[in-house]
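One chain, subunit A, links the two complexes that follow: it is found with subunit B in the first and with subunit C in the second.
And then the complex of A and B:
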């Protein structure tokens, strides 16, 4: 009798698993994930509709190519993957720069300037320390990160000291950084190649090492930069979520005045947050310019007087990743993925900009994520209440059943 | 005198789009909606306006009255900017979305859409037009000594429209019921609602006006700066945002802020006509003058920005039940 009433171990396990799965699927994080997924699906659909309107014959093949991402690489999938990881590196870090600032209540629209200043300093130091051999790239990269940090310091400082909105300072320092680096590069005969209007290729010892990754993904541009970037994202996650320091930064972001009353030095925290954000954007610039690229030919700074788009591209990455460091890893991967697809599709007479449209629509839809989340949460709650009511009913029935049984026994 | 009038003409080229778009941004923020999408709206409005002007010029319509054509173009630009900005209004007012996100999305969408349409249609990113909009000399006013050459010769109609917009918006904001209600919605929307103001309607209006003005700004930037539209307004939307903050969300102060910035900006293109600047012996003069407007703005802000007068409720979706 007793044995029959006890569920079998397998069944028990299965039920536990089901319960766990259910809690995971209905958790807050999953809810967030659904809302992002909703935005992505909607964005892709809009892209498809636009394609159908503009070029019905090529629409479906092109759309397929976009969805295939790096798998559709015309050379080989391994080149596709290698380049995919390579191109997602700066995007991940600028996304992290913007996202980190968002978490601390700041809008760093100056990643572009920080990125450019870091590139200039990294190249300068790469040439200056060419005799350091294997340490050359480390020194150059660190110099780039520091330069980005310094450029991030200004918006933080102006906000803390003069109460100037960081958006305006960031915008101003984008332009100052752009003109300043252009001037400094053009004046420097060591690094500026006048005939090609770009910097010379840096010494080979300053290239970011590949550690055999180029053998794993032959002919692609990959280097260890992507692993450094992911590592930094994980560190940022721990700093923000597991340390007092991170808590203080976020507290200042939530309410500057309340934090001040709680004994947090809010001005110092604003400056530090911007410095870290700038350092992250600087790391993006450093890793990009110090990369050896495919066949180790090296990169160089093209001297044109425009703001670098990379810094601005970090904003959608951060937004799609909901400013969460781990989310930003995935959003950078996703955006690079469909960009790779877009590049492949562009070969098939579809303007490349369709991918930008898709990304923009995805970001636009993700702005409604709050609404979608609320809707899902509401439905889940309704369901839970219904289930609880049902459960209560069965419990009641069971209680009355047993009481009846008891009555029988007594009688 | 010639030098000075050349300087003023250059200065006005920078000044006009900045002030128009900054005033637009002000209307949106006064109503409580942060509009970071100004850059995108400028691009979209500018593009549609230029396509319209190009089509008209190719057909030969209004060939003998370019100013009328320009006015039509400005209206088309304004209306298309307004339509584009409705996307922002819908997201941030009705769906209570994060206003920064939706603004960033529109900034991405505008150039992508414009390039996509341009490439699909003509296989090139550029749209050329015939630059016929400069007024050699305004009748009567151009003949006034001193003032004539400075402000009424080799001028663009958009300059006067821009000044009119500033004065009109200062009047609307301070003296009319509409303007005061609009400002109330950006300061304390719940209080505004409690006295019968429709906050949602006011915010739609604020964003709509900003879209209309940004569209006009996009076209006035293009016609004065180039002979073709290249899908960019060179960061003027963001600069206008900075000018708006510099101007403390007040029309007349925005006018001065834009003027301040434009004067320094114009120095970078015209310093070679001023003998005392040419004689000034510093290295990299060109770059120094390029950097100067931004540094000067920062310095000026450092002295004036201690008391920020940002609308208190900007960026916060309206919740009628909130306290």
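And then the complex of A and C:
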């Protein structure tokens, strides 16, 4: 955004780029990549060992299928890709919800509740605004996002006003949200299909548009949701890193006291952070339930009184992506990829749970990867301090009273 | 004199730097031997080698003339070497007794024999006059008491060589005096002490001899009775240091800060921690709040800067009542604040130096446009301040604040606050834990600001600093200002008397 105003935009861009490249190469990012890779490889290896124990004969073929991911789709690769992108969407957004909260120093474990409340509201609004035609889906989606935001507001508010730990509140609000929506759905004749214990399929105008993607990946569930999700991730990245708003949010996340000292309204920031996090989880719920799916048959909310797994799966996605919005895009893709592979492998006589275990191990190892990263970072820092000391040495030798002279410049 | 420990030709190299370069150190039995040097001179490395935390690349260690090898702290302990670290190694939610015996518990049928342990600990504390309540939890006792527990730990293990790593950095003046007494007592009982410090007056007061390190090299050993503070500091820094702050008398002008009948109530104890305080600070003067820690100075500062709500009274900054205004308003309207706790308040440690340097002005039009940060402006601002204030860091503006040394972190905060060009500068404990070079620089800066016509409100626990830097001294005792003193006409003793007893008799209420 800046560059447009600068006299020499290209040079400016180049300088920024050079600066960035330097930071990338010298700071966390490079070793972050290796540590995540380490986690993934370790997780896969442990998974292989488990496979070997559970069914030695099928282990290697099944492992191969897992590694193939959507490429091993029994129907066709294009269906595999289409479905892969479709299933990545809610995971990406809940991952983003959790990761965004992490960045601002909060643990939003309530993505599940926000997701479910958003689904309910989206369905409700989808039916209520069926006469809006092409705007039907937009209104329903926005309603879902708002519902998620409201559900995120409560834990944020309680944290800011009464210093109640957001983990406790958001877990409570998971259950409240789940039972509340269950109750409201069951008592709503318009949306509840009693015979099948689920909601009716929403009007077709409320389906998330496919914009020809179903022609590109025929017979798959894909719609434009994935692009909306990636767009949101990029926006979040910009907000966190390029705006004063992100500056404040992250400052509060790193150090609440220093933020207060700097004049930042840290309580308001906590609430806003939770509202945005809830909105992201709400968008996941909205996109998921408003999706037309393969053959445009539509989705419905099953009334089964369990918390939605998508919300919880956002936690590992955020962790593996190290809470970085762009990292989360890739980690959501990766986990969906492995899950797709696992689905395909489950056909090859291995229990699907193995895939879950492998994912769990990868997540577990990503905690190790944090340790590895810290270790590398510490070593880098040590080196840096030594360099600094060396630098100091030469400085001290050259001029003995730099500090005093420099100080005078101020006068 | 008998040599109990001798470190001969110790060299320790870390990639890129020789932390210790051919250092020889002899410790006599029954002496207090100071190890003096600036931050990064190699004191801690040398002591870590003696305590077995590092292995030297070259050189040997002898105890009573015998070559010994110290591979880890357990070896050191077996040789009777104990260490009080700068940051105590205590279990917060254990009792004093359990902390002392931990790792060396007396056993009776496989169970800890606390009766025996208590007997021994009480015996030791009697003998060395180190009184602590053995049943108190560590988290409930003062820092000074915690240090006693660390000392008792060494004595319980019958260590004869005691290493103190900057023991006074965390103590109040009173506790420092007590510690000095304890150290003298320990030496009288035949212990030998290695005392790491960069505080010259303490070394002169307590140590028998002093080894001076500079950039990893031994600059020589001197007997403290044959030297002066000026000589020692020159040995340490390599140049003359100005101890007496040279300043002209203040020319105070109009009032910038006016505090009237201020009351602050502690949210925990519900006590009036600031009790009916009124004072003013004018342009071109340095007013210093003196007092023993916990007499309300910190609370007063927090109230002025908006970090703590007030109960009643008013605070005028340039004739605007700011007592109800938020922190952002105060920051934007002439208040600069160098906070007491630089890690808690002063810096976002995980932010870069550049971000930290705009922490209070990122929202101004110079650094943002319609909510978007201007990275170039932020970077340029950092470059300018880094040069102007000589902030040294590994990667310039991109350096993460956490990785910087304490002195440079403090310089960064000072750069940010002074550069704001506010009418009022509130500076709290600005030189705590810094070495003489940095202290000199900071004192210089503060004086410059005064001469430029800024109003400066300081708070310091260091008597020397209070006396040398301030133009007026306000002594706080139990939440009240009990005296206003002129540093030119008052003595350390008089100031100390006010600080400890709150006895009036000065020119209060002028």
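Methods note: the second predicted complex is superposed on the first by the 343 of 411 C-alpha atoms of A that agree within 3 Å, B and C clash if a C-alpha of one lies under 4 Å from a C-alpha of the other, contacts with A are read in each partner's own complex, and residues count from 1 in each chain.
To be clear about the criterion, contacts are C-beta pairs under 8 Å (C-beta built on N, C-alpha and C of every residue); 3 or more make two chains touch, one makes a residue touch a chain.
Remember, predicted model here, so these are calculated numbers, not experimental data.
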{"item": "Which of subunit B and subunit C A:259 touches, first, second, both or neither", "value": "second"}
{"item": "Subunit B versus subunit C, judged by how many residues of subunit A each one touches", "value": "C"}
{"item": "Which of subunit B and subunit C A:76 touches, first, second, both or neither", "value": "neither"}
{"item": "Which of subunit B and subunit C A:182 touches, first, second, both or neither", "value": "first"}
{"item": "Partner chain in contact with A:219 - subunit B first, subunit C second, else both or neither", "value": "neither"}
{"item": "Residues on subunit B engaged by subunit A in the complex (per definition of touch)", "value": "36, 87, 91-92, 95-98, 100-102, 104-106, 108-109, 111-113, 115-116, 119-120, 235, 238-239, 241-242, 245-246, 284, 287, 290-291, 294-295, 297-298, 301-302, 305-308, 310"}
{"item": "Touch list for subunit A against partner subunit C, complex", "value": "1-2, 5-6, 12, 15-16, 19, 22-23, 26-27, 242-245, 247, 250-251, 254-255, 257-265, 381-393, 395-396, 400-404, 406-407, 409-411"}
{"item": "Parts of subunit C lying in touch with subunit A, wherever the complex brings them together", "value": "14-17, 40, 215, 238-239, 305, 307, 326-332, 337, 339, 344-351, 355, 359-360, 362-363, 368-369, 371-376, 379, 387-390, 392-395, 398, 400, 403, 405, 418, 437, 440-441, 444-445, 448, 451-452"}
{"item": "Subunit B partner contacts - residues on subunit A that touch it in the complex", "value": "50, 54-55, 107, 109, 158, 161-165, 167-169, 171-176, 179-180, 182-183, 187, 307, 315-316, 319, 351, 353-354, 356-357, 359-361, 363-364, 366-368, 370-371"}
